[in-house]
C-alpha cells in the first residue's frame, strides 16, 4: 500500500476568479505543488532536474465542489499504479473531509538526452512502494 | 457536424518553465482562451455571466509533444457531444499540422441561483449544432 | 513603530522561468500573498471584501538578486507611512538575511459603492499602529 | 524620438479577479507581453536568450483605472532613456484613448557568463533609436 502525502496549499489572491472561487487552472497548480512535494519527499528530486526525468503524459481531473478563498485546502498525492514505463499518481484537493477535486496523472519516465521514454527504474519503484 | 473554432494563442514569457517549454498548467489556460472564444462566438456569452451558466465538471488532457516559446500555437474547439445535462468539448493545441496536446472537457449547465444543474437549453443546442 | 509581518512563501513550479529563477511577475504574486496575510492579521479582512476597500494605486519594485526554486523565501510586510487618503506598505522578499527584492505599494481607501476614494478610517489607523 | 510599439493583448479568464477586473499581477504579464514583442521587433531577440541579456532591475507601475474582461486592451512600449548601463522602457495599458495603467522599467544589460552588468552595446543603441 503506497504512502499518501499531504501538502497544505498556500492560496494566492489571483487564484480566485470572477465566480469568487478558485479557478480550475489554479487548481491544477495546486496539484503541481503536491507533485513537487511528492518528488522531494518520496521519489527523489532528481526526477525533476536529472537526465532521467518524469514528465506528464496525461491528466484527468473531476471538479466536485467549489473552493472558496477562505477554505483551508490541502492536496494529497499517492501512487496508484506502477506500470512498465509509467506511474499513475492519484491526487485530491480536500477541504476538511470533503473532496473538492480529484486528479489522475500518468507520468512517464523520460530520458532528456536520448529524447525518449525508458522503463521505470527499480530505484524509483522501491521508493514509491516504501512505507 | 459541429463547427470547429480556431483561436490563435498569444504566449506569455511566464508560460515557459525551466524545461524551456510551455508548462502544462499554462496549456490549460490556452484551452481556457479557446473556450471563452467559443462561448463568445458560438454558444453565447451569457453562459459565462448569466444566471444559467456553464461550469466544468471534468477535463482530461493528453500531452503529445512540447510547445516551445517560438512555436506559433493555436487552439481548436468543437462540440463533440451534447447530452441531457452536459456538453463535451474537444480541444487541441496545434503547431502547424501537429497536435501537441488534446483535451476533452465535460461542461455542465448550472443554475447559480438554485445552485443545481439543469438540462441543456434548446437555445444552446441550436447554437452548438448550427453550421 | 509599525509591526513587521513575516509570511513564508510556498513556491510553485510554474513560478520558475526559462532562466531557472522565479519570474518577476511571480514575485509580484509573492508580495500579494504578504499583503493578504497583512490584511488578515493586522488591518482586517473587510478591506478586501467590504464596501470600503483598499486598492493598489501604485507599486515600485527593485529586483536585487535572483530567487532559485530551492531557496526558502519569505515576504515581510509593514506599514511605512499613513497619509490622509493612502497607506504605503513596504515589503521585502528575503532568503536568509538577503533581500532579493523590495517593493513599495501605495494603497488607497476606496468606496466601491460611491466609486471614489475616502480618508483612511481611524479604525484602520489604530490597527496599523498597534504593537 | 524613439518608436512606440503597440501590441494588442489577448486576455485570459484567469486574469480576472473577484473584483471583476484584471488583477494587478496579470497587468504585469501584459507589460511583459509588450516587452517581449519589443525585443522581437526592435531590440533583437538575442537579448532574451544570448550570453548578453537584458534583465529587469526595477519597475514602477501606476494603476489609473480598471480593465474589465470585455475591454479591448493594448500595451504600448517605447524607450524613454538610454543610460550607460541601463535602458528605461515606458509602457502603457490603453483601452481606447484612456491610459488604465503605466509602467516604467529599468532594464540592465547583463553578461550571464561573467554574472555582471556591462555597458549598453552600440548595436542596441542604434536599434533603440532607429525610426
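Should a chain be cited, it is by its letter among A, B, C and D, assigned in written order, with residues numbered from 1 in that chain.
Convention: contacts are C-beta pairs under 8 Å (C-beta built on N, C-alpha and C of every residue); 3 or more make two chains touch, one makes a residue touch a chain.
Predicted model, so just to flag it, every value in this text is computed and none were measured.
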Farthest chain relative to subunit B (centres taken as mean CA coordinates) | C
Approximately how many whole Å separate the CA-defined centres of subunit A and subunit B?
-> 23
Distance between chain centroids, defined by C-alpha means - subunit A, subunit C (Å) | 29
Euclidean distance of C-alpha centroids - subunit A vs subunit D, Å | 34
Check: subunit B positions touching at least 2 other chains come out as 13-14, 25, 29, 32
Can the chain contact pattern be summarised as a line, a ring, a star, a complete graph, or none of these (other)?
-> complete
Once bound in the complex, which stretches of subunit B touch subunit C?
-> 13-14, 16-18, 20, 23, 25-26, 69
Residues of subunit B touching subunit A in their complex?
-> 24-25, 28-29, 32, 55-63
Would you pull the subunit C residues touching subunit A in the complex into a rising list?
-> 9-10, 12-14, 29, 32-33, 35-36, 48
